[in-house]
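Look for subunit A in each of the two complexes below; its partner is subunit B in the first and subunit C in the second.
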Partner chain A sequence: MWSWVLHRITGVAIYFFLLVHILDTSLVRLSPEAYNAVIGTYKTPIMGLGELALVIAIGYHALNGLRIILIDFWSVGTRYQKLMWYIVLILWVILIAGFAPRQLMHVFGS
Partner chain B sequence: MTAIPVPRSGDTAPRKKRRVNWEKWGWIYMRVSGVFLVVLIFGHLFVNLVSGEGVKAIDFAFVAGKWANPFFVVWDTLLLWLALIHGGNGMRTLVNDYANNRTLRKVLLIAILASTVILIVLGTLVIYTFDPCPTGGDASLLPDFCKAG
Partner chain C sequence: MSTAILDNKPNVPEVIPTFTATLIIRRFDPDVDDEPRWQDFDVEVYPTDRILDALHKIKWEQDGSLTFRRSCAHGVCGSDAMRINGRNRLACKTLIKDLDLSKPIYVEAIKGLPLEKDLVVNMDPFFESFKAVQPFLIASSKPDKERLQSVTQRARFDDTTKCILCAACTSSCPVFWTDGQYFGPAAIVNAHRFIFDSRDEGAQVRLDILNDKEGVWRCRTTFNCTDACPRGIEVTKAIAEVKQAIIRGKV
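Then we have the complex of A and B:
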């Protein structure tokens, strides 16, 4: 059940980010100044942490999404669904461990 | 001359019209687009957040530089369409699951459809009408290749 709850919550969170992200990117069509002003807010410490949270959410949704696809289409997928969830969690931790230092370095490093 | 009808052809029940099972295609779409989105999204995140100076390198000139390359134009177009429809269809599932009030459900479904269509049109227009060197633009904000012209 938790695999599904997390998949839903991350899906919705990513969706609302996507709506905003298309609108802010559209400002490149307006003027360089407008786009640079809004993208500048993405570089602040708080938004930097927000981007980290976003990548964490997408990481889970993507990995678990691939697990759902394997459960549905792989002949023995249902038999290994539990094992695959543990693999998803492990890969997720590895992904976070790889990305978080890099992102924190970019945002907080000089 | 009138055609002679096939004997007893009136006896057979009219064939039920075959209908498209949209729900099934939605289900398949979520899975097929999911596979593509893994590649498209992680590629997008790598180029914009991980490589080089990460998010701090992004500005107008950065975007202009990317879209000078048809590879990223195609990449971003696919990302826009596949992700927005995947997310919109996923949100439709949630509305169907949780919005018990008929009117509320209808309003929410229309809102999802409308925002999906509007953002796809807006996003596609932005990508394909983008001008990397707007006339009168502050040269310090524009990509280097604008100076050549």
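Then we have the complex of A and C:
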């Protein structure tokens, strides 16, 4: 059940980011200056941490999404769902471990 | 031979150790209570006692108003499914000593169905879904003898024949909690039992029923049902097989 709860939470979070992202990108058609100003805010530490959270959320949602596809379409997928979830969690941690230090250095470094 | 054994035994009855278990039960009396309330009971139990035995002891010795369902008390009739320490189980198949005794044991009615009194819920919506999938043999042929079936054909739906309709699966499903219209795992399991039966001819009818908005597609593979089933049925697997049968258009 927690695999599903986490999938929902990350899914909804990604949806709201996407909504904002479509809005800020569409600004370029209205006024390139406004677009630059909005995109400029992505350089602030808060947005930098937001990006980190986004990658964490997408990482889980993508990996667990593959697991769900296997559950649905692989004939013995339901039997290995727990093992597959542990694999998802391990890959997720590796992904975060690879990305988080780089991103944090980028945000808080000189 | 039995007398010989009796002779060897000392005349003093063996003392069987007991321990005190604390049960916190979610009570609700529609005549008195506006909201359900938690009430705790201390019961002296044997290591061989199950939650059902503790409930009996409370009802018989402490509070006669405690209300719960049970019939066979041996894990066959499916009457006493309840939420014990946050998990759906049969009270008659849960040994108290197997639970975490450092904490009190929480017992409440199964979720998602209308609460009637204490541990009793209204099972009507559950059985309506069960009836809706036509859980009976549909066959046009009238053979003089039995309807023959190979071992492989029988094995195809063996797992889902084990269902005792206790509602532990359906009432553990988060989708069912929020959407009572969903058929629920138990109804799908019982549809599966006939869809994949080689003697049955009604597979397409049932697949059409379950291809509904409130049918198998509501399943989000949370696996709560598989974890809850006291009969060890791989419920989510059965649902997945019904989904596949609908996608492929064949059984």
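One rule holds in what follows: the second predicted complex is superposed on the first by the 110 of 110 C-alpha atoms of A that agree within 3 Å, B and C clash if a C-alpha of one lies under 4 Å from a C-alpha of the other, contacts with A are read in each partner's own complex, and residues count from 1 in each chain.
We take it that a residue touches a chain if its C-beta (ideal position, glycine included) is under 8 Å from a C-beta of that chain, and two chains touch if they have at least 3 such contacts.
This is a predicted model, so every value here is computed, not measured.
After superposition onto subunit A, the modelled positions of subunit B and subunit C are compatible, with room for both. Set side by side, subunit B and subunit C differ in how many residues of subunit A they touch, and the one touching more is B. Of the two partner chains placed by superposition, subunit B and subunit C are both touched by A:72.
Remark: in the superposition on chain A the angle formed at subunit A by the CA centres of subunit B and subunit C amounts to 90 degrees, rounded in steps of 10. In the superposition on chain A, contact of A:18 is made with subunit B only, not with subunit C. In the superposed pair of complexes, A:4 makes contact with subunit C only, with no contact to subunit B.
Here the smallest spacing between CA atoms of subunit B and those of subunit C, following superposition, is 5 Å. Across the two superposed structures, the residue set of subunit A contacted by subunit B and also by subunit C is 68, 72. Those residues of subunit A that touch subunit C in the shared complex are 1, 3-4, 68, 71-72, 77-79, 81-82. Considering their complex, residues 31, 34-35, 37-38, 41-42, 45, 49-50, 53-56, 58-61, 63-64, 80, 83-84, 87-88, 90-91, 94, 115, 119, 122-123, 125-126, 129-130, 134, 137-138, 141-142 of subunit B touch subunit A. For subunit C in complex with subunit A, the residues that touch the partner chain are 174, 220-224, 226, 234, 236-237, 240, 243.
The touching residues of subunit A, counted against subunit B in their complex, run 8, 11-12, 14-15, 18-19, 22-23, 25-26, 28-29, 31-33, 35-36, 39, 42-43, 48, 51, 55, 58, 62, 65-66, 68-69, 72-73, 99, 102-103, 105-107.
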